[in-house]
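You will see subunit A twice below: alongside subunit B first, and alongside subunit C after that.
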Partner chain A sequence: MILFDRVSFRYKSNEETSFAIREVSFSCRQNLIHGFIGGNGSGKSTYARLIAGLLHPEAGKIEVCGLDTSAEDAQIHRKVGIIFQNPDNQIVGTTVEEDIAFGLENLAIPTNDMPEKIQQIAEEMGIENLLKKPVHHLSGGQKQLLCIASVLVMQPEWLIFDEPTSHLDPWSRRNFWKMLEILKQQRQVGIIVISQVSDDFENFDSIRLFADGDLVFTGSPEELKVANMADGLIHLPEKWQFEKLREAENA
Partner chain B sequence: MLITFSPKESFLYSINPVIKGLITLFLIIAFSVIASGPVELGILLATVVIFSLLGRVDLLPIIFSLRKIFFLLFIVGLIQGFSQGEFDFLLALEAILRIVGVFFSAGIFVTISSQTELMYFWEQTFRPLALFGLPARELALVMVIAVRFLPVILSEIDRIRIAQMARGAKLSGGFGLSAVKSLLPLMIPTLSLAIVRAGDLALAMEARGYCVSRSRTRFRHYRVEFIDLLGLLLCLGIIFALMKF
Partner chain C sequence: MPEDLHLEKLELFYQRQKVCGPINCRFSRGKINLVVGRAGSGKSTLLKAIAGFHNEVKGSISLDSQVFQADGNIALAFQNPENLFFNPTVGEEVCFALNQKGQSRDSNEEIGKKWLERWGLDAQKYWHKHPLELSGGEKRKVALSACTVLLPPVIMLDEPLAGLDYAGQLKLVEILEEIACDHIVLLVTHDPELLLPISSGILFLQNEEADYYEINQFIRNAVSSSDFYPLPKWYCQALRPFDGIREFPMINAASVHEFLQKKVE
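Then we have the complex of A and B:
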């Protein structure tokens, strides 16, 4: 469970900007795919970084699996895995296996246990034949799989994806959502996907819409579909818009 | 074609990283100060090339990269050639062979050492600094990440170059200050992108549990074995034989 209790936050270096999180409270349950949506500068990524313990709230409290993110950094990094938008900016190792090992080294896992864990996660992600390959030889999709494997090997209870589908073609996007469903079911993890791709909305179990740092909507995709307030803040999927038009026509 | 680590199965690749570094260091010293005359330098360079080929090292990226220092080689050759009045071809060749030898030694070291090995090597090299309270492992990681991001930054430069040229920027031509000025449209976005990347990487590393003050384990352990010592002795033997020659 993730719990935001009257959380306030402001970037210290950007005091002149209007962006601020003011006393926001909400919770996210595990074993669901949560969508954090909103336009540019709405605060989606800031919320993700607060959850991952990479930023700390000015006031209020954030709890992840019962741990205070401000007080227990090291534990939070173990519980929450975050996969950023650009795989190139988060791969540390030169080869696939070295990058997967990086997280294990940080967790002080004994050296003898590492190869088995690396092999296991590589098989799960279908990259077992790439283990010795230099990372700069990987395709974009393979790099994304490596980033996920590198985070999953640390056995987090929550996974956060920062705009994972914005660079993917429709086919890769479909495969990505299939993979998330499998992860949710097999690993029993909570998943947060930050997205502004309207086609992603239907894949979420629950949606939170942010605008200028505020949480303006919480509900299911079905509820977002009928809530007209979302129209001005984010572009709804074409399919939903078409269905609305047909309903209006029929009415 | 970049000089980067490409894993292979051979005796050169399996040598202990510190020994690899030491051999490279001895070779650089040999090329720089010990060997004298084009014949000695030529023999040393040929020996390095033969051992590299036996060790399945792909020398093509190193040879290809020599093009990038061609201008430097040309200038050094000219200066050395004319150092004693009339142009002396042998002196010019000697100077060029010294630089090529150092370039090959360093290039081969990078080609046969993975990031973890490089990190281990730098860490051991920086170890004495820990006595003065400096973070040896962190300094090593900085060096390694710089090597890891080189191909990414270079491809980024290429992308920016094409984008700037499409917007009418002239990125070549001119000499001296005007040549440097013409590169400004390339340098500023590259630098700002590198800073953004560094910030993102630091965040990603922190999210994966990396902390300067926390103790970490190692994916690979490196022991000095008989073959490593043999390699080191062989290298020293060749250098001493050249000195006698």
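Then we have the complex of A and C:
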């Protein structure tokens, strides 16, 4: 469970221009895919960084799996794994194998135990044939799978994906959502996906819409579809808009 | 004013392995030219080859029938703009190319601020910020501003829609439509839907091959077969009964709905 209890936050270095989070409260249950959506600069990535303990609230409290993110950084970093938008910013190894091993080294896993864990996670992500490959030879989709493997091998309880589909080709996007569903079922992890790609919305179990740092909507995709959101706040999927037009015509 | 960029029997290689080709097509002025394909199909390599950053190529590239040499006559906005920022402020980043040309700094600043505003960033607010302080979408807008301040004859953009919210994407379409009137614009994308109405054709790279399609032919193929290219399922389902039509509606709810209503009437 993730719990935001009257959380406030703002970036101090540019306080006159940035958005502010003011006394925001919500919770996210595990075993669901949560979508954090909103336009550029709406604060959705900041919420993700607060959950991961990379930023700390100015006031209020954030709990992840019962741990206070402000007080127990090290524990939080083990509980929450982030997969950033651009895989190149996250890959540190020179080969696929080395990159997956990096997280295990940080967890002080004995060297003898590593090959089995690396093989296991590589098989789960379907990249076992790439283990010896230099990372710069991977395609964008393969790099993303490597980032997920490198985070998953540390057995986090929450996974946060920062705009995972925006750089994927349409074929890989379909595979991504299938893979996420399998992860949710098999790994029992909580998943947060930050996105502004409207076609992603129907893949979420639950949606939170942010604007200027505020949480302005919480609900299911079906609820968002029928909610009367203010113009310009969010662009609903064309598919939903088409369905609405057809329904209105048939009514 | 350039008319067309002609690729003739162009083949791309990476470490002596063939990536794609032969590519035969003309990218013209007037409308934008799209390049699509799976990750790893050679889209970015093609842009780099045209820009002169990738030399493992065979075949020829010509601009208005003259051998094309990239030399201040192209602008290229890369896929991950934040990887290439190297100036301490947004203002310097946006004006870098202009300042290199040696024009007056005051007039450069005016041009830079105009383009930042056009791309949807408040110039006053962002001018002195460090580029790496910005959100992903804001960085993209800075990169696009830096790409457009000079407007050389050939403008190339690698996945410019990625990371932009819907308002930013609409802005991009509007600006590119205008730029394409007197520049050759090439654009690599995974999201062709919004761009199709302002495009003249699509170069589709797949399985080491390259095929150039007129827009309606591309849509027709995608509507007829889900194996061709994954356009949105709702669109393909709605249009499949009409795949013999000459002109397809745009890929948005209102256009498709209007099209279907007219068909019923």
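A few notes on this one:
In this section, the second predicted complex is superposed on the first by the 248 of 251 C-alpha atoms of A that agree within 3 Å, B and C clash if a C-alpha of one lies under 4 Å from a C-alpha of the other, contacts with A are read in each partner's own complex, and residues count from 1 in each chain.
By definition in this document, contacts are C-beta pairs under 8 Å (C-beta built on N, C-alpha and C of every residue); 3 or more make two chains touch, one makes a residue touch a chain.
Quick caveat, the model's predicted, so the values are computed rather than measured.
On the superposed subunit A, the positions of subunit B and subunit C overlap enough to count as a clash. Once chain A of one complex is fitted onto chain A of the other, the partner contacts of A:32 are absent, as it touches neither subunit B nor subunit C. By the touch criterion stated above, A:174 is placed in contact with subunit C alone, subunit B being left untouched. In the overlay built on the shared chain, the residue A:3 is in contact with neither subunit B nor subunit C. Applying the stated contact rule after C-alpha superposition, one finds that A:216 touches neither subunit B nor subunit C.
Using the contact criterion defined above for the overlaid structures, shared-chain residue A:239 touches subunit C, although it does not reach subunit B. Once the two complexes are laid over each other on the shared chain, residue contacts for A:65 go to neither subunit B nor subunit C. In the superposition on chain A, A:86 contacts both subunit B and subunit C.
In the superposition on chain A, contact of A:132 is made with subunit B only, not with subunit C.
In the superposition on chain A, A:98 makes contact with subunit B only, not with subunit C.
Common to the subunit B-facing and subunit C-facing surfaces of subunit A are residues 86, 88. Residues 4-7, 114-116, 145, 148, 151-152, 197, 200-201, 203-211, 214-221 of subunit B are the ones touching subunit A in the complex.
Looking at the complex, you find that subunit A touches subunit C at residues 13-14, 17, 38-41, 45, 85-86, 88, 139-141, 163, 166-174, 196, 198-199, 232, 234-235, 238-239, 241-246, 249. Contact residues on subunit A toward subunit B in their complex (touch as defined above): 49, 52, 54, 73-74, 77-78, 80-82, 84, 86, 88-90, 92-95, 97-98, 101-111, 114, 132-134, 136, 150-151, 154. Partner subunit A is touched in their complex by these residues of subunit C: 37-40, 79-80, 82-83, 125, 129, 133, 135-138, 141, 159, 162-168, 190, 193, 229-230, 232-235, 238, 251-254, 256-257, 261.
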